[in-house]
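Mind looking over this structure? Questions follow.
In this document, chain identifiers A, B, C, D, E, F and G correspond to the written order of the chains, with residue numbering beginning at 1 in each.
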Amino acid sequence: MESVMVILVGVLVAVATYLILSRNMIRVILGTALLSHAVHLLILTMGSLKKGNVPLLSDSDGPYTDALPQALILTAIVISFAVTAFVLVLAFRTYGTNKTDDLQELRGNADE
Amino acid sequence: MSNLLIAPMILPIMTAVILVFLRGNVRVQRLMTLVTLIVVLIISLFLLMEVEAYGIMRLDFSGWLPPYGILFVGDAFALLLVTVATVVTIACSIYAFSTIGEAHENMFFYSFVLMLVAGVNGSFLTGDIFNLFVCFEVMLLASYVLVALGGGKRQLRESLKYVLINVVASWMFLVALAYLYGAIGTLNMAHIATRVAEVGQDPVLTTISLVFLIVFSLKAGLLLFFWLPGSYSVPPTSVAALFAALLTKVGMYAIIRTFTLMFPHNQEVTHAIIAIMAVLTLIAGMAGAMGGRDVKTIATYNVLIGVGFIMLGLAIANEQAFMGVVYYLMHDMVAKAMLFLCVGMMIYLTGETVVKNMSGLIRNYPVFGWLYFVALCALVGIPPLSGFVGKILIGQGAITSGDYVLLAVGFISSIAVLYSLLRIFLASFFGETIIVLEDEVPIRKGMMGSLIMLTACMIFLGLGANYMMPFVEAAAAVLVDPSIYIDAVLRGNE
Amino acid sequence: MIIKLAVLLPFFAAALIPLVHKFIKREQIGWFVLAVPIILFALISSYIPHTANGKTFIHTLEWIPSLSINFTTYLDGLSMIFGLLITGVGSLVILYSNFYLSAKESLHHFYCYLLLFMGAMLGVVFSDNLLVLYTFWELTSVSSFLLIAFWHHRKASRAGARKAMVITVSGGVAMLVGFLMLYAMTNTFSIRELVAQVDVIQQHELFIPALLCVLLGAFTKSAQFPFHIWLPDAMEAPTPVSAYLHSATMVKAGIYLVARMTPIFGGAETWFWLVTSVGLLTLIWGSFNAVRQNDLKALLAYSTVSQLGLIMSLFGIGSLALAFDFSEELTPVFALAGFTALFHLMNHSTFKGALFMMVGIVDHEVGTRDLRRLGGLLPFMPLTFSIALIGAFAMAGLPPFNGFLSKEMFFTAVTSLQHFDVFSLESAVVWMPIVAWLASVFTFVYSMIIIFKTFFGKYHPERLDKEPHEAPFGMLVSPFILCALVVLIFFFPNVLAHYVLQPALASVYPTLPLDAITPHISPWHGFNLELFMTLGVIVLGIVLYKTKRYWSYVYTFLQPRHSFNALYEWIVTTTENTSQRVTNKYMNGYLVHYFTYIYIIFLAVIGGYFVMSGAFNFDPSTDSKVETYELMLVCIVACAAVSLLFAKSRLSSVLITGLIGYSVGFFFIIFRAPDLALTQLVVESVTTALFLVSFKYLPNIKPEPSAASTKWRNAIISVAVGSLVTIIGLTIVNYDKFEPISKYFENSYELAGGKNIVNAILGDFRAFDTMLEVVVLFIAGLGVYTLIKLRGRKEAADIENK
Amino acid sequence: MMEKVLLLALVLFIVAIALSLYRLVIGPSQPDRAIALDTVGVNLLSAIAIVSVLLSTKAFLDAILILGILSFIGTISFSKYIERGVLIERKRND
Amino acid sequence: MSVNEMIEWIAVGMILLASIVAVLSAIGMIRLPDVYTRSHAATKSATLSVLMCLLGAFIHFWLTDGYISIRLLLGIIFVFMTAPVAGHLVCRAAYRSRVPLAEESEEDELKSVLFKDER
Amino acid sequence: MKINDVILRTVVKAVVFIVLTLGIYLFFAGHNAPGGGFIGGLVLASAVVLMYLAYDIETVQKTMPFDFKKIAAIGVLLATGTAIGSVLFDVPFLSHTDAYYNLPLLGKTHLTTVTIFEAGVALTVVGVVVTIILSISEEGEEQ
Amino acid sequence: MVQFILNLVIALLWVLLKDEDYFKVSTFIAGYLVGIVILYIMHRFYGTRFYLRRVWCIISLIWMFIAELLSSSVSVMRQVVTPNLNIKPGIFTYETSLRGDWEITALALLLTLTPGSVVMEVSEEGNVFYIHAMDMEETKDQVLRSIARFERAILEVTR
């Protein structure tokens, strides 16, 4: 399963990268969102999968699956949510003032 | 006692939150910001003395012993940077008091500044690699807001680029963390170091360290500086100065820790790559600074030169070079803040950014002009100002290690700095004055005060170098011999 | 101790000037300032008897002792000579400028810079510590910069100042490297200790690099070929400054350095060749170019260049005295060159100072320095003429002036090369004397030009701005004192030699027996080669002067665009323009490009290393079991992700991303992470909702307008990045050298009182992360609020953001 | 045996999700996508229930309820978005 | 086969049935001609499948662990209450955003009311 | 014809209680079961958002007249405050104290500062999520 | 509502009367049952129906919901598996006599769960439903037939 997941992560990363390399700001933001999903899965996979029970002492006896990556991912999810929210707002404010969502047209130049 | 270690991070955060309730009361906001920062400064100075006297200090949060809990580790290196960062923030805040405007102040401006400095201080102090990520994010989120705050067309546009690149970088950081945890199974930096040392840094671990290198390089502006020029040129002066002083430093700090503490065992590969990246950064910085036609561009590319130079010191990697790195980091924080404040002030006074459209400022604003000149000399590394000591130490390190190419590039860069900054001085400060007396925009006391404060710091860091040396030596000792750090962290709980 | 005060006094005085400026009249500042060099001169002179007896004085004030950087002053013969020059000429120049500069100028600035310079210069010559020397060295560059740019409203002043600063500071940086290398060899910055360890240094592999670096510093400072180009431009400074800095003192710092370093580097072949040939080249190039100048000051500038070359070459030849073991016969002959260098150093300061002041007077009283406009001034300015006469004759090497003595000795030195065959000198034996002699001819010619083109010939009142008349008495005092010295030295050279030159010689040749190498100077030394050379100089000089218009077309071969100046300008502008072009080319504001660079570097560094290191390892046998439904889910997610690339509306894109997010949540369930699953599901929904809310303010997405090639490039990069992440991941999955630390947390109930391990980690073991994560969330919330509420300022008020 | 049956059921649910995904991608109209997403959510919910049974853990039962809530909120959001382009109005103006 | 086991098989059977219903309703989502008819499939069959599945799970936990899951019950209630609302909202949104009815459709009494000013 | 949201609103009125209860339950459950401050907060926020979706900002503001920014700030202060509180007792920063108390009605209860910490987390989450969604939603109205 | 609270009070009294060492759920339930008996005897004094009867009505209404859901799902699935779809969808109106948010909502939900129909709009006044039928011929009659039943069941609960 680990290998399968790593490959899935690779696919997600590739798609995310392609999106990040596009000109449309929404696509780029979606790319970063997708990248964060991929990364969270990667962290979980790196903590080795399905090799134990749910890490709840009340629910089952050990061995438990590695709980630390789960805690890390939780923090990461929250942070990525915060960041995504901010980026979205920034993006539409930028669109609102610059009247374009094409990052190519947002290059700006020296004589402004 | 060791609880004080948290103060540089928690006090700004708490004040920042409290300021939310004081919206509208600008005076109280300013006062609280200033008081908090001064308290943090006093505490960090105190901690510095303690650490110098009794060795590395650590604070295990909730009392969980490393490597299981998170901890702050106060060594001289971290605390020096915390101290200087706080000083710079004080200066930039004072500058902001008289320039930023009520609209910003009522939009939680000081809260964000405090959060930024909290994130920076936390990044310096933390001993846990995942916590470093979180501290980074505190800093970055605050910087995202600050860079975009109240922006028009151009500011928002550049902010978006800055934010997007940094977001991608942050997620790359997580990739690196995932790999690290997968391979090493721990997050405490000292513990990582012992585990890496245990197996010798094999190619897999070196690969991981390189992922970290790329991630931190994005933050440090080491070769991956593409976000930097745009985003430093748009925010208000005090923010730009704060960015120039702090943001890249945190990235560099992380790189330094990574390759002195956690992954120091494969230097033929890692340090060679760092050296190449540093040289390329220097070249890019020199090109940008020499080719720049407006003050902001010139100042911005000077930031890159600073980055490249410091990273040269890391690539050289011997005791003298590390001392130089520590010293130059401190200098660069102060001097870059100064440079950006000066540049911002020039724009404020003239409404111009292009060098040749300004002239004769020194007649109208003599004190300001001379302060800029002092900053120029400091940045070039002219003794006895702050840039000199670090430069010499890195130079000595390079000679000791026989890295003559790095030495040459590094020292040539200071000529580029001279050339680019001198151009501003000659074209904008010297020359026929074009501002008639009636049109003179007055410089407010706060603005001048912050410049004088930073200048005093630069002079102190140069002339008073001897007072700094014990700390710098202590800091470099840890970089040279990570076991000091590791022992301090993992002592007594194996 | 006293010497330390001597060094610091000018700085204190300089710091006082802004205060003094408030309390006394502008015109009086100069008199206040004048006290400083006079006091110092007196002070330093009082040490002459001691130094003449070979005593030295040393005192240390700690600066950065841990880096062995200390403010150590060292007074010996060599520093004495320079100390006297700096304070002596300094006094005269300040006296002179009190009359020369109009009270309308910002005198407080002027004197402040001048005092800074004086202090810095004293610091250079009295410092024993190399880094302190370097400190003062750069300070002289800085103060010189300020003085050159004194009339900074003039473009030429600024350009000259910049050129001087860039070249001299660059040289200083090189010199610093040299010093650092010396430190690396010996672990000391003290010159005295270096001299003591000269054997160590000369054995060291860094010896030659250090030598080159130090010489680079000396050559740039002393305006040696081809770095001389800054000096003529520096003449934009007020004339007293030119007299002081650019002829008597600062440019001699390089000479000082060479003299100081002779005990360390002298005797090395490279040192000899470089110093001598660069010196001679500078000598001839300077004198040759001086002849063509139309501006009197420019002429003097080139003349200074040339004279500095002369002194430099003398030190080069003098270094031969250290090249082999002491011999009664040979050593004194070479040491004579060193002696002559010191002697000419003094002489040059006297006559060149006088000449500069003379030019200043002419400029001041007539309003021009242009030789094409000057002429026939003798009747109006007889006293000035006498200054010019004495100065120029001394420079030309005519008796009864001091220049004659040193120039004769110079000829002796260059011709003495023929006697010896160290360093395979055969070729040098021939060309060096010839170059020296030719240069003297040109020197003679331009000396004559100074006198005759200015004071004789036809008087053209219409070409002058002012009615010419003799200078005020005050302005004449200083040059006359110098002229008096020029004459006095000719008649009593050995007094000078005994009290000043000999002790200095001891510093240059610390290992040689002083009495044996100190020559006796006499104006008449019989009919020897030197005398004939001098006669030749005079004859050919007169011929050349008279026939100048016939041969001066040779200068047209040297078009301005072929000069070193042009080269410098070309380098500077090309660097600037190329830099700007290249920077603008890649820093073009396209985010896509930036991302492309980032990814390419990412691939190059990490992929490059990972592939080359051969660390890849893939072993699925240790994997946990894959269920059919899991595989299907994986496929669904992969397909959804790929379909995202082709989604045409923003809504579908967001929905597909949301779906992937939900699937990730489901994976969390499969992989036994209930807390994660809960969080992921909620967060994904909220995020999707945010997208939808924001879509009101965003346009629908359009198809990417990029060219197919761009798309392919992006696709290749993406696939590469994905693959790299995968292969590293696969390798690490199978990397099991360490147990994760997480076993510890399984005791969460005993340790933290919670049965949910993840929550115990979040709330207790790693509560700090959680706390900060809350802070991050808070900043984001507040940030979104401000971003929306705080509108951009009006463009007019937006000057800061231009 | 029981486990096999449950796995089969799980596979069937995933098939249902995949089919809905087809609708999600193809559309053609926006409401189609909203319905599809709702279906995906609901089926996912069932799948979680089965996984819970398979792993015989109660840890995920909250997730079921939450997913139910979210899928409801999601559908409301989408339909409001499709209908009005706005999710939250300041003051109902119709 | 004990009673318990039998009931458990019933639970499993319900789950299996639920999955079949889910697939069928998903096929309906594909096959049916317009968004309105597809919403029938979603709001009815899909909901039924969920309810059955949850009920199966509920029975399973009750039997094996003696655990009465309030959360599952709440979940069932929740889905039951909200599914028709969702169907209603989506259909309304579709109609108001002018998604056309299938070609086979007969009469449309809403059109005249909603879009009366047109045509 | 104007939109009549009666069905939606009525159902939401009923359903929102389930959501709120679940949120509070999850908040307290975190100690031994999945849940905790963050998820609890998110679910509570979802309840609020659900209200906003079914009604409109002004109506909801009337029933819940909070400044959600300040709620978030109070949350952060609670979280950091409990952390700093430990400093006063001279134990490492962030140390949690817990004890069992015999409370009337509830009996023996496990009380810990972690709960306050988590309450801070939950409040922040609610405050921030609602602030963000409201800010964005109000943006258009002012333009 | 009053009856329910009264019932709770009785149960609580029961618990207090029992005066046990600590609170027992079983005692409470016993008290509650006692309360039900008392209230059933007394409910006519209050002039309202016995509250548990309403509970029974709710249960039967819910059962109606479930039954509708089952039958409608079957009908949808039947159509899905039918090889040749031969349906004629359409929209028709229905005017109800029910009033009040809860009644209208309940009816709308029920109608939506009925085989082949989805309520698309409710008029502003809330009395007219616009219903989409999967197959006009089959559904319309069916709906109109069952709708009276639904209204009755709802009124049982609410009034």
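The working rule: a contact is a pair of C-beta atoms (placed from the backbone, for glycine too) under 8 Å apart; a residue touches a chain by one contact, two chains touch by 3 or more.
Since we're looking at a predicted model, the values are computed, not measured.
Identification of common neighbours of chain D and chain F yields A, C, E.
Relative to chain G, the chain whose mean Cα position lies farthest away is C. Relative to the centroid of all protein Cα atoms, the closest per-chain Cα centroid is that of B.
Distance from the chain B centre to the chain D centre is 47 Å, each centre being the mean of its Cα atoms.
Between the CA-based centres of chain D and chain G the separation comes to 25 Å, rounded to the whole angstrom. Centre to centre, using the average C-alpha position, chain A and chain E are separated by 31 Å. Mean C-alpha position of chain C lies 91 Å from that of chain G.
In chain D, 10-11, 13, 15, 17, 30, 36, 55, 57-60, 62-63, 65-66, 69-70, 72-73, 76-78, 80, 83, 86-88 are the positions where the chain touches two or more neighbouring chains simultaneously.
Along chain A, residues 20, 25, 28, 40, 42, 45-47, 53-54, 56-59, 68, 72, 74-75, 78-79, 82-83, 85-86, 89-91, 93, 96-97, 103, 106, 108, 110, 112 each make contact with two or more other chains.
Multi-chain contact residues of chain C (touching two or more other chains): 584, 589, 591, 595, 670, 672, 674-675, 677-679, 682-683, 685-686, 689-690, 693-694, 696-697, 725, 729, 732-733, 740-742, 745, 755-756, 762, 764-770, 773, 775-784, 787-789, 792, 802. Under the touch rule stated earlier, the contacting chain pairs are A-B, A-C, A-D, A-F, B-C, B-F, C-D, C-F, D-E, D-F, E-F, E-G, F-G.
Residues 1-15, 17-28, 30, 33-34, 37-38, 40-42, 44-58, 62, 64-68, 70-75, 77-79, 81-86, 88-93, 95-97, 101-104, 106-110, 112 of chain A are the ones touching chain C in the complex.
Against chain D, in their complex, chain A makes its touches with residues 53-54, 56, 59-60. The touching residues of chain F, when paired with chain E in their complex, are 1, 3, 7-8, 11, 14-15, 18, 22. Of all residues in chain D, those touching chain C in their complex are 7, 10-11, 13-15, 17-18, 21, 24-25, 27, 30, 33, 36-37, 40-41, 44, 47-48, 51, 55, 57, 59-60, 62-63, 66-67, 70, 73-74, 77-78, 81, 85-88. Residue ranges of chain D in contact with chain F, taken from their complex: 58-60, 62-63, 65-66, 69-70, 72-73, 76-77, 80, 83, 86-92, 94.
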